[in-house]
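In structure tokens below, several structures.
The following pair of complexes shares a single chain, chain A, combined with chain B in the former and chain C in the latter.
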Partner chain A sequence: MITAEQKPLNEILDYISPYDRIILVGCNECVTVCAAGGRKEVGLLASALHLNFLKHGRTVEIKEITLERQCDPEYAEELVSEIDRTDAILSMACGCGVQTIAARYNEKPVFPAVNTKFMGASVSQGIWEEKCQGCGDCLLGITGGICPVARCSKHLLNGPCGGTSKGMCEIAPDVDCAWCLIWERLKALGMEKRYEEIMEAKDFRAAGGGGPRRIIRKDLSL
Partner chain B sequence: MKIFEPEIVAFCCHYCAYTAADMAGSKRISYPANVKIIRVPCTGKVDAIHIMKAFEKGADGVYVAGCLQGDCHFKNGNTRAKYRVEQVQIILGDLGWEKQRVAMINMSAGMGERFARTALEFTQTIKQLGPSPIKITHTDINQQAIRF
Partner chain C sequence: MMNPTLIGNKKDEQMTFQNKLSKGDFVVLAEMNTPKGVDISDLVTNVRHLKSRIDAVVIPDMDNGVMHMSALAGGSIIRQQGLEPVIHIYGRDRNQMAIQGDMLAAHVLGIHNLLVVQGENIIHGDHQNAKPVDDLNELDLLDMVQSLVKGTDLAGFELKGRPQFFTGCRVQPIRDDNHLEKEIISARAKIDAGAQYIMVPPVFDIAWYTHILKQFTSLNVPVIATVFMLKNVGMARYLSINDPGSKLSEELITRIRKAKDRETECIHIAGEMIKELKAEVEGIMISASGWEDRLPAILDCAGL
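Up next, the complex of A and B:
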């Protein structure tokens, strides 16, 4: 899932302070799961904004709407009925959602209320860790289900560097060395030979090095 | 000059603080009438949005009163409530409000005296802080309207 964190309130207030009527748009997908921009967070941010404006003697109309999936033009259409009555849109979705709304309603200013962080998984309640960088050429089948591209600080493809110590990475004592994890996993699976295979330099064009990426499925296109 | 009497909302757990308030009543221990009690099945049921809405509607202070640490009827509702209170304190801090306007308090059902004492102490804290910034603004606006 795509993870996100709310921006500092001051930054959000700087964006929206010139406007009197705002739509605060949440998203029911990833940002709901990582508690950054779902219905609940929309309510909480709207409340904080109300408190701030009331403190300054202003009454700002904030319409709270949470779309099913903000990165889908089909759901972005749901704002049509409200758009004429608003001065600006504040989106609590990931960057994909913000851009979808900005492209659809290009006559209105659209601002992000969250910082999109990474593609991650929930480790335990309230903790998410980066697990994938969307490199476009998955190596997990070779590396025992542990990604060296996302989880090795140096994205090394052929074993650990000298910064590994007792299974941890040199960048921080609580960051696992991905290559230690890979080795332990391959050992447990009896696939140590995989470790000996030298991986060639990765083609990072598929990872975005060749410009913005696109998937075209003719079978699904209209 | 009119004396400032704060509006205080207290979210009280049914199993402890609410019973403690009852206990205070049975023992004829008085506590400030500024405190308006909202009974909840567990403080774990109190979300940050409930506290924020109380402020939005004009509360000068809000506190959540739950069971003693480790004694929650539902295992860890009071711990969750504590984190949510901290979350609201951060939001209030970001908005330039005093963080002391929201607090988490723990007590058992038998602590009638403690309920009354914390109600009094919290009311005094809020009296020292003054009215909620929303009310100050409203008063300022009204005064300006009169002046013009």
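Up next, the complex of A and C:
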């Protein structure tokens, strides 16, 4: 999923303080799962903003709405009935959601309330780690299900480097060396020979090197 | 022991390009690409033919996203031939560490003139699978040069010996007045960030060129106009279609097509443009795009 973290309150306040009527829009998808911008966080942020404005003698109208999926134009339509009664939109979705809303409601300023972080997975309660960089040419089939692009700090396709020590990466003692994990996993699978196959330099067009990427499914498009 | 700031730098003696521009003398620059390979004979020959006739040679770096010998080496070769180099710097292929390292190298190799440019998108080049870096944009690069000149790198660490640079910026091809307004704002920001001269891309309509140059000269830094040498009808047609800012008219294409000797006509077109522009700007930069051996003929035609 896409992970996110709430922005510092002061930064959010800087964005919205010129406005008196705000829609605070959450999203029921990824940001709900990583507890950054779901219905619960929308409620908490709205309360924090109310309190902060009250401290400065201001009453700001904050309408709380959580959409099923903010990156989907179909759900963005749900704001239509409210949009004329608002001065600005504060979105708690990832960057994809913020941009979908901004594109749909061109006449209203839209601000992000979270920083979109990475594509990751939960490793334990309250901890998410980066697992995928969307390089567009998945290597997991030959690296034992562990991604060197996202999880090796040097993105090495033929690792490890000299900075590996007892299975950990030199950048920090609590970061796994992806190539140690790959080796151990290939060994467990009896696929050690894969390790000896040299991977060629990546084609970065698939990773976005040539500009913004797009998927066109002719079988699905209208 | 020699003062480290002076190693590779005899600034007052060597930087005629900067001196001439600051004195208000008209400067003539020529663009020359480094080879795709290690055979530098054409580059050296072309430089020798022009040595007494131009003030500096502009060396692009991986121009149009095509892999060539680096501009740093090109600039060094130009220096060895006794001419002053101006090298392009841009952020597409190098991160801030690599660029800063190259800037320090440039100084000690006697390269003190820089032109900050935007790199062509990698997808238009000849190594389309390469990873674009884009660590620093044009304004960041100008800030970086300022920082190095003041003796500090981008991480805030002090340098042992300060490099000296004369740094310019380039503006984008301009389609219309609305676009011109944006480019003026952008050029002003670049000047605020340390750009000491502006290079304007080629235009083939003298009225439009004069119009936009007037706007840039009002920014109070020297303006250098680029004169691009057309090589044939196909090139002219391509530019007229793909570069609306070039304002390349059908009449000009017809003039080349109907000429008895098209190559000579192209040389005349470039020479005439230089003559027309001479009164408008502080200098010109001739881009011959591979026909650098025709540069003396263009200068003859322009009376330079």
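In the analysis below, the second predicted complex is superposed on the first by the 222 of 222 C-alpha atoms of A that agree within 3 Å, B and C clash if a C-alpha of one lies under 4 Å from a C-alpha of the other, contacts with A are read in each partner's own complex, and residues count from 1 in each chain.
Simple rule for what comes next: a residue touches a chain if its C-beta (ideal position, glycine included) is under 8 Å from a C-beta of that chain, and two chains touch if they have at least 3 such contacts.
Computed from a predicted model, the values in this text were never measured in an experiment.
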* So, does A:203 touch the first partner chain B, the second partner chain C, both, or neither? -> second
* For A:211, decide between first (touching chain B), second (touching chain C), both and neither. => second
* Asked: Thinking of the overlay built on chain A, is A:188 touched by chain B (first), by chain C (second), by both, or by neither?
  -> neither
* **Dominant toucher of chain A (residue count), chain B or chain C** => B
* Based on the superposed arrangement, let me know which partner A:140 touches: chain B (first), chain C (second), both, or neither? => neither
* Could you tell me if A:121 is touching chain B, chain C, both of them or neither one (first, second, both, neither)? => neither
* Using the touch definition from the top, say if A:171 reaches chain B (first), chain C (second), both or neither. => neither
* Structure fact -> In the complex, the residues of chain A that touch chain C are 201-205, 207, 209-211
* **Partner chain B, residues of chain A touching it in the complex** => 8-10, 40, 43-44, 47-48, 50-52, 54-57
* To do: Show which residues of chain C lie in contact with chain A when the two form their complex.
  => 121-123, 128-132
* To do: Mind listing the chain B positions that touch chain A in their complex?
  => 47-49, 52-53, 55-56, 91, 94-97, 133-134, 137-138, 140-141
